[in-house]
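Every chain is named by a letter (A, B, C, D, E, F, G, H, I and J) in the order it is written, and numbering of its residues begins at 1.
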Amino acid sequence: MPSQPTKELQTFPNPAPDRDYEIAFDCPEFTCLCPLTGQPDFARFKITYVPDQGCIELKSLKLYLWAYRNEGAFHEKVTNTIADDIIKAIQPRKLTVVGDWFVRGGIGTIVTVTHEKK
Amino acid sequence: MPSQPTKELQTFPNPAPDRDYEIAFDCPEFTCLCPLTGQPDFARFKITYVPDQGCIELKSLKLYLWAYRNEGAFHEKVTNTIADDIIKAIQPRKLTVVGDWFVRGGIGTIVTVTHEKK
Amino acid sequence: MPSQPTKELQTFPNPAPDRDYEIAFDCPEFTCLCPLTGQPDFARFKITYVPDQGCIELKSLKLYLWAYRNEGAFHEKVTNTIADDIIKAIQPRKLTVVGDWFVRGGIGTIVTVTHEKK
Amino acid sequence: MPSQPTKELQTFPNPAPDRDYEIAFDCPEFTCLCPLTGQPDFARFKITYVPDQGCIELKSLKLYLWAYRNEGAFHEKVTNTIADDIIKAIQPRKLTVVGDWFVRGGIGTIVTVTHEKK
Amino acid sequence: MPSQPTKELQTFPNPAPDRDYEIAFDCPEFTCLCPLTGQPDFARFKITYVPDQGCIELKSLKLYLWAYRNEGAFHEKVTNTIADDIIKAIQPRKLTVVGDWFVRGGIGTIVTVTHEKK
Amino acid sequence: MPSQPTKELQTFPNPAPDRDYEIAFDCPEFTCLCPLTGQPDFARFKITYVPDQGCIELKSLKLYLWAYRNEGAFHEKVTNTIADDIIKAIQPRKLTVVGDWFVRGGIGTIVTVTHEKK
Amino acid sequence: MPSQPTKELQTFPNPAPDRDYEIAFDCPEFTCLCPLTGQPDFARFKITYVPDQGCIELKSLKLYLWAYRNEGAFHEKVTNTIADDIIKAIQPRKLTVVGDWFVRGGIGTIVTVTHEKK
Amino acid sequence: MPSQPTKELQTFPNPAPDRDYEIAFDCPEFTCLCPLTGQPDFARFKITYVPDQGCIELKSLKLYLWAYRNEGAFHEKVTNTIADDIIKAIQPRKLTVVGDWFVRGGIGTIVTVTHEKK
Amino acid sequence: MPSQPTKELQTFPNPAPDRDYEIAFDCPEFTCLCPLTGQPDFARFKITYVPDQGCIELKSLKLYLWAYRNEGAFHEKVTNTIADDIIKAIQPRKLTVVGDWFVRGGIGTIVTVTHEKK
Amino acid sequence: MPSQPTKELQTFPNPAPDRDYEIAFDCPEFTCLCPLTGQPDFARFKITYVPDQGCIELKSLKLYLWAYRNEGAFHEKVTNTIADDIIKAIQPRKLTVVGDWFVRGGIGTIVTVTHEKK
């Protein structure tokens, strides 16, 4: 059965948990729907984190982002939600999620969410 | 009622039919599905034409490209189909459709279809 | 009735008020008049803020910037005024307004206003 | 009295009429209104011509482009009109007018009008 | 069983054989061995063709390029061989193969092979 | 009477003296003479300051830079002198003057002077 | 006998051990195998360090990176392993290893490992 | 005595007169005066020619361009004059002179003069 | 014995003499001496040719370019000489030699020699 | 007598010793020899310093860098030596010397030496 979109992020154990290091994903293929008009929105996401015990599995991230394809999602809200879901899945030591949204009304919007584990 | 995706391209009369001139659209927001796996594909389309009697209405082009969102479409086939639909709608004197598809299997693909009215 | 320019910025509740995160708008479509000569001036504005309780609504920002179209405005003054209006509308935790003005007298001018909530 | 916008293009005699040579203007400061919504549109114009007996005076070109500021103008139509006005003013041996319009509906539009004297 | 490298290019029928159009592949992931020293060489290949009856299947191209990984191959020779293999597989109306080889001895080498069907 | 070069910088009152904000000028049109050979030197100047009570008037800055056209001036000395003259004129809270000088003897030179009000 | 790949990094004495200074290597020619599928992966590595008593010999670094050519290696793991091997070989005062991996599943991955000597 | 500006272009014999080949000069350091206002103008000149019997001596070109420093010169006129002077000095087989003038009135101007020996 | 500079270009048989194809070398490491002052000159050479029976061996090209290191050479002359030596060595069907010389007297010089076999 | 290469750096008194400011030289024309093979190496040097009592004279820097032309010099060693020579000549308050060496063995090397006066 071919892959399906899913909000379940898969993880694997951090191969170097004794060290702080950074993993960055550049995801130019994101689309969702505008909650007000139902029209498509597009964005490029950049996700950067310092893993603690777990890492995000790459294919699972692809399926996770795919899962927004038919959902209504405001720019500010969905960028925070993606950050929340990653925090929930792997409790990273640090996290930055950048959503770079395409032009609407002549204006481009970039939302940047950062998180640090206490 | 909000706008809906549609394969019907709207047109308007060419305001300068006595002259050959060029209209180019840069459309970075295109997505469809892979016919084999059902997974999303993304592309940036550039459409350039010399109008004859009619021009493509901009908003209608947006709705037209949106209409591929849930369709399965091979890279080579869909680029030709978009060219065919524009030819059918306005019989342009010249037309170039470029589909610049995102990386799959480590390889990027650009399909370029050109047409000249006889 | 179609949209009208207005100095009234619309806002909506911050969907993630418990977290400091950043929203950035890139606004390449700004024009006003030179107060001395009445001739048009052009600028690109970049507005970046950390929301507190409220966020700026995107369409309203477009109408707000439009409202300067027929006003006389000095480079330094108007950049500060835009910052003041955003502070008044949403009391952001942090704010940066950058006005990148087109060349006059062979010289380009960039005005950068920053603000931090006490 | 300060300068005023005007559709009257000023000209001066070509200093080298025995030779075909090219003059190109890069005009990033153009704005007009959308005839349907009344909202501002923005474009960057590039005007390139081979003069015959007359040349376009630079300051007069600035005032000419300014004169569109409060007019409704479709992308395709206005680019042709600017070409027509230049042809009328100086009958150039060759002319290219490129209007590069800012993104609307997620799509950028470039209109290119060329003309050659018979 | 996972995919294996193979010199067999897979093809599929051209969906628009009545029209000359262009398909371009950008393949940054190519490596082979230097026939003299056995050391690795790297290149970026760009393959552009006008299909006749058949098209190259994308995944098969990936496996084809992979098949050079453990072969000795001179820059000039292998670029010609890749062109020959594509010609043999699909007899394209036109073909260009560009091999952009990484710096050796302080010098970068680009080999460009073009072919046109008689 | 047309404008004349002058070392007198004109100023106007800071419209927002209660706030630290930054004004940056990009001045690509600077030329002076080499004090040793009398030959022309060229530079691009970038001047950035945080105003206190006064701001530099843009046209006056143009005339000020023009005033160096026929003066002999060493790279290091003139960059400091420009900074000194701005400090004297408006006592800015902060100031950076960057002189980016064109290649001489195969070497480009950038001189950067910074100043902070005590 | 020609050079062979080897995991043994060669070193030479730091010519300026009394000073902290930085050596950076830009290595665009890295390839290994995906441990799950056996298919090739490609990356560009950037290695930056402050030497203590020893420096990495350049040719030896080339052979070291070559040694991964036929090994299975996860992105996160191998970037850490390269850092570990450099630390073991020369105990640098500071070290950063950046692995910039080519697109897989539409997503690019950059892994950045930093280390500081205690 | 140090070098002086001069309109006299020095030449030397073409070392390869049996072959058509091209010599291109990139001259970013040009300034003259506006004939109307007396204010400085700046341009970057690119001069490309196919020599016949003579070539332009590089230092002499520098002194030639310097000689415009205190002259009034319209954009279109001076670009043609420079072409004329080069034609007079060396009768090149082909010549292109491009004057890329800095922004005035919000508009940049590029004048391109080409010449071919009959 | 280590490699020595030599004006003798080594060649090898063209592996595809039945086809016109292009080989391009990008050589950023060229230096010679100014015949007038004895001071070093630097250039980047780009050499592009369509081979006939023979090809230029890469390492030999490196040694050939090295051989100019201590020779006096005028820009125009040496670019022609390099073309002549390549023509003599392999009689290419087509050849372009571009010498892009670093700035002298504020002016950059690019010499482009092309040759076609009769 | 024409200029000769020399390791003696000439200096002149700092025209603004009461202020910390920065002077940066961009030197793209550096070549020396590999101590192991005798073959040429090339680099671009960037030298940035805060002067104390003395400044480096520009022409003398050119002659200084020229003096390495026929010397064997390891990347790491020579970058440190250039820093040492500048420190000895002018005892700058701060100094950074960056040597950006061309690709060898497929790897580029950048050596960065920083110094601060105690």
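Points worth noting:
By definition in this document, a contact is a pair of C-beta atoms (placed from the backbone, for glycine too) under 8 Å apart; a residue touches a chain by one contact, two chains touch by 3 or more.
Since this is a predicted model, take the numbers as computed values, not measurements.
Listed by label, the chains touching chain B and chain E alike are G.
The set of chains touching chain C and also touching chain G is given as A. With every chain reduced to the mean of its CA atoms, the largest distance from chain F is reached by E. Looking at D-H alongside A-D, one finds more C-beta pairs in contact between the chains of D-H.
Centroid to centroid, with C-alpha atoms defining each point, chain C and chain D lie 30 Å apart. Rounded to whole angstrom, the centroid-to-centroid distance between chain C and chain I, based on C-alpha atoms, equals 56 Å. Each chain gets a centre from the mean of its Cα atoms; for chain D and chain E, those two points are 46 Å apart.
Residues of chain H in contact with at least two other chains: 28-29, 42, 102, 104, 106.
Shown here, the protein chains touch in an arrangement that is not a line, ring, star or fully connected set. Here the touching chains pair up as A-B, A-C, A-D, A-G, B-D, B-E, B-G, C-D, C-F, C-H, D-H, E-G, E-I, E-J, F-H, F-I, F-J, G-J, H-I, I-J.
Across the complex, chain D is touched by residues 14-16, 19-29, 51, 55, 58-59, 61-62 of chain B. Every residue of chain A that touches chain C in the complex is listed here, in rising order: 74-77, 79-80, 104-115. Chain B makes touch with chain A in their complex at residues 2-3, 28-29, 31, 37-40, 42, 66, 69, 102.
Of all residues in chain B, those touching chain G in their complex are 42, 102-104, 106.
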